[in-house]
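Please find the structures below.
Both complexes shown next keep subunit A, but they swap its partner, so subunit B is in the first and subunit C is in the second.
Here is the complex of A and B:
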């Protein structure tokens, strides 16, 4: 780990990663041992490693797998569900499973097609759906915290994209913790300071079986492009990615940005699902489902 | 010009560039026809084009050439001085010349070596010296405004570098205009919205003879590296560079940043040169010259 000037053997690496994670959880006040954590599990290395680490650290962490119905010729969703379930069973942990097609009538690719969102890519619809389901399950089952496996590469890429167009409202919200708000559990990213390759190394060293393939729709995505650019910067200057992310958090904490009260969006509960929304009337998710249901009735 | 969805023939291009420059000068309130402008001229395409444009637009614009004493095996400084003087003569304009070696005892590379600043590169010393000389000449000769030829690529690269490490104080200051302060003329960058290639095209179409070579010390510099990264982003998304710079200015104007009164540095006049400085005692420039003079006395 050039950015830390640190090299560890397998045995100590498997101790170091959970120790560091515990440090980040405390530093950013993510959650305590008394709170119930719902881990969003995709079957990939980050989320399964996160779950593994939280369980080892003695937290009350259950998993949530969302079946998106994405095949891509590699059985992407069924394979990632199988690996998630195997991990849960092997560690005697609870995995909640929500199948999007069963609950909302159609898998993600069809929802995306029917709603004409996202220029042929289902990523926008997928993100919207996952956020909605995670929030719903956390609320319905009474979890205090939602934890996702975003690593430093993910976070730096999002920050980079928002910075290139100076998206103020996103810059003010991005971080390791998004505090709870009425109707929404706190969201936390305990792995946000680990490089992607560090998480790969952890999953492999720990012997976690995870799905190697990226989502078939990820190819050519903006976030992958930004990750490549950041990798170039990292190669030229080891630590550049971490510096970019941490200095941002530090500058914000030190008051670089004007965090205006007025900027807080006016939220109200969606009349259908009761999740907070800034949209007039139904929230974006319920509006999408309504549109798909109507297109079905009209036989489109 | 893909970012504007505009293609022009040579004749109209030579009209369009000065028109746009005039628009930027007015938009950012840079200077009026009553004010005296000092153009920092390096002999390169940007600064000579800027001078050309300002003269054509009817502004009172004199040139300032600073002889840095950089040879690099190509007679860099002498050649750029010759081209600057030729331009001045051909257009019957006044060019002030300040020779660093004559005025301060040593050329830039020696000043840099003697002061051990900048890890073998004289760029930091060169920047410090140029700022000092420009400020001095503007004050001594009573110019209202100092204009430099920075183009969009220059500005975007500086912004990119400051953003990667979230340098708050620089982010709050960077822009097309740096207002005058006690003892310092206003500084403006009328070309800050033109791509580098647009300025090259202008200089060539106008038949301006400029020095093609980059400064021999520029090779491998961080700013060139950032320009390459931004060029990649621009290739993938035409207009990305302009968006990055303009959205930054817009976000700042709309109050994204907290521009704290306390953040304004406590400036006092340097006891030697009387230029404002935040350093205790002598300003950085006078301290550097003092150090070089002492090393001479000590026979180092």
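Here is the complex of A and C:
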């Protein structure tokens, strides 16, 4: 770990990662041992490692797997669900499963096709659906907090993209904790200060079986492109990604970005699902489902 | 006389005696984007590659 000027053997590395995670959980006031945590699990290295770490640290952490119905010739969703379920069974943990097709009528690729969102790629629909479902399950099942496995590379790539176009409102909301607000569960990212490489090393060293194949729709994505650019920077300047992210958090804390009061005032509960939205009438997710339902009635 | 790096479905032949870091640079692979393993065990960038070494590189980048 060149950015930390630290070299650890396997045994100590497996102690260091949970210790650091605990430090970040406390530093950013994410949650306590008395609270119930819902971990969004995709079957990938980060989310399964996060679940593993939280369980090792003694937190009350259950998993949530969202079946997206993506096949891509490799059975992507079924394989990632199998690995998530195997992890849950092996560690005697509870895994909640939401199947998008069963709950909303169609798998993600069809929802995207029917709604003509995302210019041929279902990533926007997938993100919208996952955010909606994660928040719904966290609130419906009474969890105090929703935890995702976003690592530093994920955060740095999002920050890089939003900075390139000065997306003030997104920059303001990016951080280790998104506090609870009416209709929205608290969201936390306990791995946000670990490099993606560190999390891969943790998963391998712990023997966690995760889905190695990339989502078939992720090929050529902007976020992967940004990660590659940032890795070039990191290779030349060790620590660059961590500094970029931490200095951003510091600048935000010091008031570099200002809340748009008008946008906050315009939030209201969706008349269908009751999750907050700034759009008039139904929220984006319910409008998308309504559009799919109408296209089925019209036989499109 | 060669060592081999394997990344997904690609193979790269490199000269034994060089470090893993140099081998990665010669193969245009960003060290930050992989974890290297030999016989299932992770190895570090300053490891000297030996003749007939087969180094499996695990891609670390994910996301969409």
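Structure notes:
Everything below uses one rule, namely that the second predicted complex is superposed on the first by the 293 of 300 C-alpha atoms of A that agree within 3 Å, B and C clash if a C-alpha of one lies under 4 Å from a C-alpha of the other, contacts with A are read in each partner's own complex, and residues count from 1 in each chain.
Everything that follows uses one rule, which is that a contact is a pair of C-beta atoms (placed from the backbone, for glycine too) under 8 Å apart; a residue touches a chain by one contact, two chains touch by 3 or more.
Bear in mind that the values here come from a model prediction, so they are computed numbers and not experimental data.
Using the contact criterion defined above for the overlaid structures, shared-chain residue A:236 touches subunit B, although it does not reach subunit C.
By the touch criterion stated above, A:217 is placed in contact with subunit C alone, subunit B being left untouched. In the superposed pair of complexes, A:78 makes contact with neither subunit B nor subunit C. Once chain A of one complex is fitted onto chain A of the other, the partner contacts of A:248 are limited to subunit B, with no touch recorded for subunit C.
Of the two partner chains placed around the shared chain by superposition, subunit B is the only one that A:225 touches, whereas subunit C remains out of contact.
In the superposed model, A:168 lies in contact with subunit B only, and not with subunit C.
In the superposed model, A:93 makes contact with neither subunit B nor subunit C. Subunit A is touched at more residues by one of its partners, and among subunit B and subunit C that partner is C. Of the two partner chains placed by the overlay, only subunit C lies in contact with A:154; subunit B stays clear of it. Where the contact sets of subunit A with subunit B and with subunit C meet, they give residues 232.
Touching subunit A in their complex are the following residues of subunit B: 163-166, 168, 171, 225, 229, 232-233, 236, 240, 243-244, 247-248, 250-251, 254-258, 260. By the touch criterion given at the top, residues 30-35, 37, 42, 44, 58-64 of subunit C touch subunit A in their complex.
Interface residues of subunit A, counted against subunit C in their complex, comprise 7, 10, 44-46, 123, 126, 153-154, 157, 195-197, 199-201, 204-205, 212, 214-215, 217-218, 221, 223-224, 227-228, 231-232, 234-235.
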